[in-house]
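Chain lettering (A, B, C and D) follows the sequence in which the chains are written, and residue indices restart at 1 in each chain.
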Amino acid sequence: MNIATHITLCTTGLVQQYQRVRTQSSALCEPLCVEDYGLQAVAETSPPKWHLAHTSWFFETFLLKPFTVNYAPVNDAYEFIFNSYYNGIGQQYAREQRGLLSRPTVDEVYQYRASIDAQMLDLLADQNHKHRATILQRTELGLHHEMQHQELLLTDLKYSLAQNPLYPAYHCLPPSSTQPSNTSPLIFCDYAGGLVASGTDVGNQGFCFDNETPQHKTYIAPYALANRPVTNGEYMQFMQDGGYQRAELWLADGWAMRQQKAWQAPLYWQQKGLQKGPQQDSKKGKAESKAESQAGQQQAAEWQVFSLHGLVPLELAEPVCHVSFYEADAYARWAGARLPSEAEWEHAASAEAIAGNFVAAQRLQPRSAAQPHKTMQQLFGDVWEWTASSYGPYPGFAAAAGAIGEYNGKFMCNQMVLRGGSCVSDRHHIRASYRNFFYPPDRWQFTGIRLAQ
Amino acid sequence: MNIATHITLCTTGLVQQYQRVRTQSSALCEPLCVEDYGLQAVAETSPPKWHLAHTSWFFETFLLKPFTVNYAPVNDAYEFIFNSYYNGIGQQYAREQRGLLSRPTVDEVYQYRASIDAQMLDLLADQNHKHRATILQRTELGLHHEMQHQELLLTDLKYSLAQNPLYPAYHCLPPSSTQPSNTSPLIFCDYAGGLVASGTDVGNQGFCFDNETPQHKTYIAPYALANRPVTNGEYMQFMQDGGYQRAELWLADGWAMRQQKAWQAPLYWQQKGLQKGPQQDSKKGKAESKAESQAGQQQAAEWQVFSLHGLVPLELAEPVCHVSFYEADAYARWAGARLPSEAEWEHAASAEAIAGNFVAAQRLQPRSAAQPHKTMQQLFGDVWEWTASSYGPYPGFAAAAGAIGEYNGKFMCNQMVLRGGSCVSDRHHIRASYRNFFYPPDRWQFTGIRLAQ
Amino acid sequence: MNIATHITLCTTGLVQQYQRVRTQSSALCEPLCVEDYGLQAVAETSPPKWHLAHTSWFFETFLLKPFTVNYAPVNDAYEFIFNSYYNGIGQQYAREQRGLLSRPTVDEVYQYRASIDAQMLDLLADQNHKHRATILQRTELGLHHEMQHQELLLTDLKYSLAQNPLYPAYHCLPPSSTQPSNTSPLIFCDYAGGLVASGTDVGNQGFCFDNETPQHKTYIAPYALANRPVTNGEYMQFMQDGGYQRAELWLADGWAMRQQKAWQAPLYWQQKGLQKGPQQDSKKGKAESKAESQAGQQQAAEWQVFSLHGLVPLELAEPVCHVSFYEADAYARWAGARLPSEAEWEHAASAEAIAGNFVAAQRLQPRSAAQPHKTMQQLFGDVWEWTASSYGPYPGFAAAAGAIGEYNGKFMCNQMVLRGGSCVSDRHHIRASYRNFFYPPDRWQFTGIRLAQ
Amino acid sequence: MNIATHITLCTTGLVQQYQRVRTQSSALCEPLCVEDYGLQAVAETSPPKWHLAHTSWFFETFLLKPFTVNYAPVNDAYEFIFNSYYNGIGQQYAREQRGLLSRPTVDEVYQYRASIDAQMLDLLADQNHKHRATILQRTELGLHHEMQHQELLLTDLKYSLAQNPLYPAYHCLPPSSTQPSNTSPLIFCDYAGGLVASGTDVGNQGFCFDNETPQHKTYIAPYALANRPVTNGEYMQFMQDGGYQRAELWLADGWAMRQQKAWQAPLYWQQKGLQKGPQQDSKKGKAESKAESQAGQQQAAEWQVFSLHGLVPLELAEPVCHVSFYEADAYARWAGARLPSEAEWEHAASAEAIAGNFVAAQRLQPRSAAQPHKTMQQLFGDVWEWTASSYGPYPGFAAAAGAIGEYNGKFMCNQMVLRGGSCVSDRHHIRASYRNFFYPPDRWQFTGIRLAQ
């Protein structure tokens, strides 16, 4: 079955999926006030409004402009303003200035979305379009692109809200599901390895990105994976054992970064009575360096973490989250273990059902592991798991032609692969072969640690 | 008549002035959409919302907290968030992050203002308060502080809006008054100088800032001042004569800055057909470096300037505006003249009436000089005039005690004095002895050039 | 045969090798004047004097201090000053300030070397030392460490001399061997791949670094390797086809770097008549940005390259050299090929003899390929060949215990593997399993390109 | 008497002075080893070799090239390499890279000097040269230029040597003259002020720089000056009273700089047992931040200072030295005094003989004040005294035409005036009207504090 056929059969499903995904973007923004839509704390964290517009731009640029007759853009300037990084389309408005676009307003962006949606649904309804196959294929890509940005919208927003000493909550209610309060024992599960298939091919099992292709053979020596991610409690032992002070546990670049940023704990951790909030201490300014002055007091004061629900107490049984690759690697070394390769992870994950704590659960925080459980759990959802693998092309990989080929391929350098999705991922967006990638120092995604041996 | 007496007599006037000034702040924000209130393009340009809150913070901090009983703050955290630079009050939220405060929302900030206003009017009504004199004095200071921030609100907003390739207008109508279209001849007016009085003393002629005191003797040699500011047309001759390419015209630090920033014209100037707007050229990103690539084409294309009314054609007869001290100094050298000292300027201005193109005229742009006119004009309003004087303490200057003494005194280094007010200044805020000050490279204020000899 | 036994058998050879290698360091410095010994253009390029001292520090720190009785250091401060990056030994003098150490003088550093040598030879002569095996093993490591620094001494010196507008030659004579002047045809040689052994184990075939171990299985799909490196002439076609202007050929990080550094050609290339030398044009300042202004003139003017023999004409048939990983990758994409993985490279190289243009030939420049030659050549020597492989630990890798374990392991992130050695490598230092590693933007090593398919 | 006549009369003296000054430059370098000649720790501190060459370049560029027939340069490239900042002559080799010029070698630079000297003496001997007056005038300027660089050579070298953890001494002997060991009482001397003459005119009293002209009237209110500079002991009281921790004592820019640089004491101060030297603590790296960790221990440990004689104990009675303008200003505020204006200083100094601790005394450190002494002392020599005056043009100032006019005028912005010369100034170079100027944060000159009221 070739790709075109595969997707044609799913047209009805695609229209439904289109509506589901597009509606989901606005639904995620419901708790926001107008002022929140423009927040951009650093270049990497785009404003919610920009995500809403850029995901529409994707459909406009790669579908409506090439495949509709006499397409009239809502505003010609949007091509420039809402282009993220596609040089094949043209130059881009400076990334770090996205927060300066007070216009178009929030209302205008929603009008832009509505206009794109109306025209997209017309286009999808045209069953005889001569580029029908490409249209369906790119629409599916556009929807996965939008699910990806839904996660970024939440992680970026969390980072930006965290800069505010009022610690505003995105979502005022407490995490919506209860969880086990005790830490489940950590067990290593053995895998035989061997000459296995890694990656996938288009059409194998529904959608995949080009960077997951082609399927290829990899040799893996026998290995073991921890049955759950590392918890906050375990990570705190690393901290109490001088984890952030012992250079020998760190990669050289990691240690340099730890020094430069004065890391003493994962992002968003702070100690009660020491945070920069109103009642406690309104005099402090700089978030990341705070923990520095707290060294030595780590056991004394109670830890809190900033979450999408505001400041909440640190739960020891929950998976540790918002750690960089460098911290994950140092922790693993301290623990006498290592991070898994992406081939090892994928091999293990291929046998598991894709289920877990995703965005639909509205927990928006990782969840502690189920009670005594000897088999693998939480590979999907909760936290993205750093692997030891640098993000590169699979043997035989070729990017698509044209600007759309810039989606994944040009980032295949300097980043590390993460696997499994998080508590703010859409479950429909995640699969065993999915390759996420971030730079080693990045901490603002929901990133955690699974050990290997 | 001592200060306390002076102000006591004006109480009724003060309450009226309080209401006028406070209302003016909100009036200036009427054209804004909610999204605009949070804009901060660089550290120096605070968001409108922050200006609205900080000016209220000033009354809260220096009047309500010390002089009312059981004062209950709207929010304890505001002391930290809305403190600009008063170390005596406590640490401050990072200046460059003011644009990240989506909360308090715009509505909440207006509620904050309303709460402060209600309590301030109560305090002002208490004629028997034992600190009555200080209260009146600080209230007057707070109102001048707020007028100062009203000007900054407009200049900061202009800078932030200019980063948007849609070139949004703050005020959609064209400049509200007509102006002469021909350039009035430039004439130098002679002054005898001599041993003159500079500066003023508290109580001399109404309000003054501490940095204008004490009045002191200065010796000025005979000098001449141009009867009007340099125009856009005259400045363009400097540009066409290689003004931005000839190192010999510039101070060393100015030339280094011109190189680093690739200055080729005043801030906000751009050539039609070359701007980064939608129709013309949606591919450009970086505003300041644009003009660089236009060297050599300067005569060919028509110049436009970004204004609070959006992009408008450059008017040759209008005073040149948004130039740094370095550009003003280079222009003066090229013109065979120099910039005036602040003592020269003040000596000349003392003889003139304070009238001109201020914010109330709603022109929001400098205005061209009146037709053939042999005497001094435009000393007040239109553009702040760079002087050759470094901003320092007058002989005998002493800052006030306590945190309020940080208002002016601690900035007396590295900045240059500007005089006369601009088209976005409040006329009640300006006087002959008024000393404004900015760093030599600063261009985002309405700054222009008056020549001396 | 265990390691200790293996080395014990070679003791005599080890002493001879010690003398050969140590003498070689001073021999390489013979052409220098005293002033050259302190040159450090950037943090990465240490002064010759520092290399001479640090290589002695290695023997002092890891052999003399632990294994001799009552060892008396020449100077206690050298432990701090000449420590490169061993946190286990202690903090280090700031890397970027090594050029500021006018003391110890050159003479004093040679005295330091002589003192170390005398004591090392005594230590090696003690056949009954209870740590004999470790001593021999570490001595061998120290000699390979020194051969590594000999190459760095030359590459660092080349970079530092290139900053001088007088273009001083390290070695005044022209390259000492003649070479073919025509370009040999490029042919791809096929390899079957399969499940192969990569890496090596200690004791397998003489010395190896820990990062080459353990030997492990890798699956390689069938592939082809070019029979020689890419030449200057071929690279110039890439340039003339807009290679440095076409974003679509580059990795995203590579393109950002190319923009930031204004790369237009490999490092050390410049066009005759445009260089910043005395006669031609004494007015230019900045080396790397020069080529920028030469775009469009590339065909007109004759290219020269700065070499260890001073400025010499560009030889089209020679391997292109001093390109970053980003340029190598962009070139390969332009050429419709790719870079080899390190496993592919090693698999091919395992079948070849280790011979070629190494430092002993005193050519100090890569050499053009032999005439029509259908088989593989130049895998060893000439230029280090960038691979597509990120530098990471082999499966099962474990760094040595203690400070000496910092040698290689802690750098296993963010760097790319290079293979094969260069025209300034010692032939005794190179083998098929050797893994060199540098950051993707690095250009100051003798780095070139071999294509794969 | 016009200028030309004045100098003509002094020709014999000029030749003698030429020989004296030129010889003095090489004499100052006698204690150096070849390796020291190339040291440049930061852009501002040029290598000794560069000073030797640049001062020769001055004679070559402004005298030999324009005024000798068929002048043949030693090396054409020197025009570019040894130009400091004269844009009128051409572009300059990057200032921060002067330490990278290992060639020309030290010997070659001395040969360059010899060649210039021979030709200069020929030129000075030509009594009938048609540009005789200009030649004499420029020669005198060139000699003052060289005396200025002799001081810089020592201050720059001191800074560069201080980066070496071995703390090498420039001059091994202890300071050559004894000094009082008790602190002389501080007394303020009153001056009546009034309308006084400031500055001087060419030909008034021997040589002066253009920035000292023209003489002009200034009004000075009655004032008082301390009879001696502030001592180390007095400055230590400021430190012990929290001087470096109390924002209210500092200018805003000064406080920002103090925070950024972590200043806790004057440059070159460190506490015994805490320095980064060999025996004590070989683990420390960064000089400026050291003192930070010593807060709170300031009374406990004994202070040392790095001097041109190496590390020596801090003498409490000596003038404090190597403080920035910001520190001088903060100290004065703490002491309830202020810094003098340059007009006040000059008015007082005009009445004093030019005598004191200059470079010829070979002390190379400031000297403590003479015992109980009620009149003014140490205005000349010992330490440059920061004034409260920003460096700007005197009324009527005009720079000389051509490149030579770049000497002083283009720096008249952002710097502060210093007066009186230091212990490393040439006594022939100093006079009451002499205006030195440095940026407010600069600390590497011998800069101190004299209080005014």
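Just so it is clear, contacts are C-beta pairs under 8 Å (C-beta built on N, C-alpha and C of every residue); 3 or more make two chains touch, one makes a residue touch a chain.
The model shown is predicted, which means the values in this text are computed figures rather than measured ones.
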Given subunit B and subunit D, the chains that contact each of them: none
Farthest chain relative to subunit D (centres taken as mean CA coordinates): A
Separation of subunit A from subunit D, taking each centre as the mean of its C-alpha atoms, in whole Å: 58
Cα-centroid distance, subunit A relative to subunit C, in whole angstrom: 38
Distance from the mean Cα position of subunit B to that of subunit A, given in whole angstrom: 45
Numbers and ranges of subunit C residues touching at least 2 other chains: none
Touch-based graph of the chains, sorted into line, ring, star, complete or other: ring
Which pairs of chains touch, using the document's own definition: A-B, A-C, B-D, C-D
Residues on subunit A engaged by subunit B in the complex (per definition of touch): 33-39, 41, 75-77, 79-81, 90-94, 97, 99-106, 160-161, 163-166, 168, 276-279, 282-286
Complex contacts: residues of subunit B adjacent to subunit D: 85, 87-88, 195, 216-219, 221, 247-248, 250-255, 325-326, 329, 341, 388-390, 392-393, 395-396, 406, 410-414, 440
